[in-house]
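Common to both upcoming complexes is chain A, partnered first by chain B, then by chain C.
This part shows the complex of A and B:
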């Protein structure tokens, strides 16, 4: 499989990311992202086979708080920024038949 | 007047907090038509906070270390009841329901919150040109970028919109604009400052950091915001240092490391600034150490892959349903098509690029070769810095390869813009604290800066060395370009 980012690769990623891109936008973005991909490919030259991935600066040290219900945000406050709401609920397009 | 002088004068009753706040608001009124640094000004709220401080002072009540001091906040940080846009049309109209933890700490310390500063959209940029409200201009040269992504905060401090600001730094977003605008900026150790209530960009890298005109002022702000927070699982409980006292400590005996490979790509004036600073620290009794960071040149591509990947996950929350921009509903819409159109309309081009690139790098078939490899290179960069910091107490280098560049210089070449973060991203990858300190003006009258990097939770060393660097400089006067624009009414 080639790694090159083309319009099809952009369309696939955009679908996964829920971004509606027109075909012309996919083409333009593919050209831009292929340049980024070619640039970051300098990482391929490094031998990292014996190096463990580092995903976080303080590995294994995450603190957890107690799993307790709090009243940080009321339903009315949560709904206050909703673009569409009714009767205490967020409104979405119909999702069942 | 510095932030600390302002706080002292208010505490002593020789300056009213309301007068200090009105002066800052008047400055915003006259200067921001030229800079475009503010996205929201809360004049009434600021005056009410200032009046409450004046009443407390008059009544002899105890007041906090920032009582009455007007400051600004990057619009990536929630201030309860105020708009929070993250520089994006996606969050146009959003009002934050709660204060971020750092804002609660500032309020408890008595700070007066003037309003919110502009930023690159979702903090994704090094120039403040991707802000939905348009570019911010550098007070030292109105045709120049202020740096980003906390460009509004840096410009606000340089222009005298109060005495300090909070920014955020994911790959240099406090330090680079601080350098370009001639102010001090600190990226704290990962976990030192709470991120609860801060819009997430790349969660293994993001930190909130203070910006102010002087190192001591920055120490005062940092002392207030540093510390553990139950609402942020990544926050840590290591002891807090006495950062203001650290500014008074001599540097004699400290080991200052110079990264020779970092001197190669600098403009002559930045090169000169780094070497002059190094010589000055040695003259003050520090000892020099030549250090190497063999993988430093890989920090920027590793950083961008990691940041874009984490961003693609973090920004999945903007769905146009619970909050944020929502596309007009068509009768044929499904939930998926509504998400996709809302996100395409709400996010700007650079944010969309990073989401798609991050999604691609995390997707099946590419994960190992891109995201996972970047995480392995991250460890190499981290290990290089740890080795270097066993041979020295602080690493001295540039913050940026040059002084601020013209607006639009890198608009059509994202990779060239990404590479401006060449000296800042390593500290984020390793989670280390780093500070940008101004070191005078260059040939074109634009600020120059150096960067200091220390070991984990050793911010005291940064304040100690930063204050020594600052002491050897003439303090920058107000930015002449902005003054001329105000005087000319341009």
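This part shows the complex of A and C:
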């Protein structure tokens, strides 16, 4: 990711994030994100040729869980925060055709 | 010039754990909407995923049973996309460090054994279910977070028949080792097919299309047939194939491209910061490997070499472990090839046929397999005629009582052929004396008339005669 962030890249990211940005907002966002990218890109200058790649900051392996059902959440509780619900379902604007 | 199909398959198989991959809610199929949920599968803020060890075991033995190298170190990654049935906004999957690599399956689609390479097996969580109705999309998160393995093959398959053979073998293996229920209709075993075509002799791959929405072996066969014909037609007409995802429409019998908007994927995978690397201890892997039972291929070859069954019968019996177990249980100690073959066709033919026409299930009749073996042996020994056997089965299947009781009372009612040679000889002599015309015709060369005489005997004895004995005796009388 050494390419500078421009309005096109912002439009693309906005589409993936389902954000509706006006052209002016895209321009402003591009400038802001480009400053962040440029700052972070200082890391690129560090010589890591003798450092092993790391996928996770913690040492060691993850803990595993026994295969046991123990949820005490009811459907009503699960739906309690939903802006809209119907027939026990989360109701969202129709997503296809 | 001839064309060649090139097919690679991606299979999603749901693991048969009790709870979900990263949370404690039930992983059972169905249930009232949103009743199998927990903080993790709802994507509630702050809820942290904790991996289910049993899912790891199942993924690992799926790898071992398909000749993969199980990776002692693997990593979970986030696959990012927005859809209402994916509450976190990403699916936890594995990307560049999956749990299994480099396996293979040997298949035989009728043209000799072929080895199909498996690229990788990775673990991931399922998404929820959306139903799109007039008022909006209804989201049920019961399935969200249910553990899956995705098994990716190399593009080594060359026909729809090979694809189906590969899928059936893979499905059987996963059922045998107890990690998947093999149910295509409920979607616990589902498949996407990457299909391309090329001229025979060409070594580079053609442009492929991915077909989704395949939920039966028939659909897979038809979809591959349709899609390959479509691609050949396009290329022959001078058009180019566009790489795209296409949906199989089972009603129209064709594939159609998804809208390009739905195809614009950029999943931006990155290692999930909530989950440290998965390390599998050597002793765990050894202990898990010891739990793998006899696999379908081994069982088939044992049925052929030890019991004398033909390949096709062995394949039929070994498609799922219950059928094979039932067969071996019913066979018991007397495993002579003649009896083994006869019992195999009895179970898969007459008995399965009678069962299909009835309201009963295999579970119903499993308690009576010892008696069924006796019935089979009596029929094989000529103590029950074909008609008597049919009568017993029909009566037993139709009765309301438990199958074991129903079978006993049907056997008592039908009885056995009493072999009274004297009485039979008298009856045969009488029938021959009463039909001089037929006898003369037979003796002048119309040997098919033996059937007429057998029919007379059977009618008088109401089907309770050993056809082999009657035939032999009649032949002796008529020819002599």
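Rule of thumb we're sticking to: the second predicted complex is superposed on the first by the 88 of 97 C-alpha atoms of A that agree within 3 Å, B and C clash if a C-alpha of one lies under 4 Å from a C-alpha of the other, contacts with A are read in each partner's own complex, and residues count from 1 in each chain.
The rule is simple: a contact is a pair of C-beta atoms (placed from the backbone, for glycine too) under 8 Å apart; a residue touches a chain by one contact, two chains touch by 3 or more.
If you're wondering where the values come from, they're calculated on a predicted model, not measured in any experiment.
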Contacts of A:40 with chain B and chain C, given as first, second, both or neither: first
Contacts of A:48 with chain B and chain C, given as first, second, both or neither: first
Which of chain B and chain C A:86 touches, first, second, both or neither: second
Touching partner for A:95 - first (chain B), second (chain C), both, neither: both
Chain B versus chain C, judged by how many residues of chain A each one touches: B
Touched partner set for A:32, first chain B, second chain C, both or neither: first
Touching partner for A:78 - first (chain B), second (chain C), both, neither: both
First (chain B), second (chain C), both or neither touched by A:17: both
Which of chain B and chain C A:69 touches, first, second, both or neither: second
Overlap of the chain B and chain C footprints on chain A, listed as residue numbers: 12, 15-18, 55-58, 61-65, 73, 78, 84, 90-93, 95
Of all residues in chain C, those that touch chain A in their complex: 17-19, 23-27, 32-39, 42, 50-56, 75, 80-84, 97, 130-141, 264, 266, 268, 271, 273, 275-279
Residues on chain A engaged by chain C in the complex (per definition of touch): 12, 15-18, 55-58, 60-71, 73-75, 78-79, 84, 86-96
Residue ranges of chain B in contact with chain A within the complex: 93-95, 97-98, 190-191, 204, 228, 230-231, 233-237, 295, 298, 301-302, 304-305, 312, 316, 319-326, 329, 333-341, 343-344, 347, 352-353, 355-357, 359-360, 363, 365-366, 369-370, 372-380, 382, 414-415, 418, 429-431
Complex interface listing, chain A residues touching chain B: 1, 3, 5, 9-10, 12-21, 29, 32-33, 35-37, 39-40, 42-44, 46, 48, 51-58, 61-65, 72-73, 77-78, 80-84, 90-93, 95
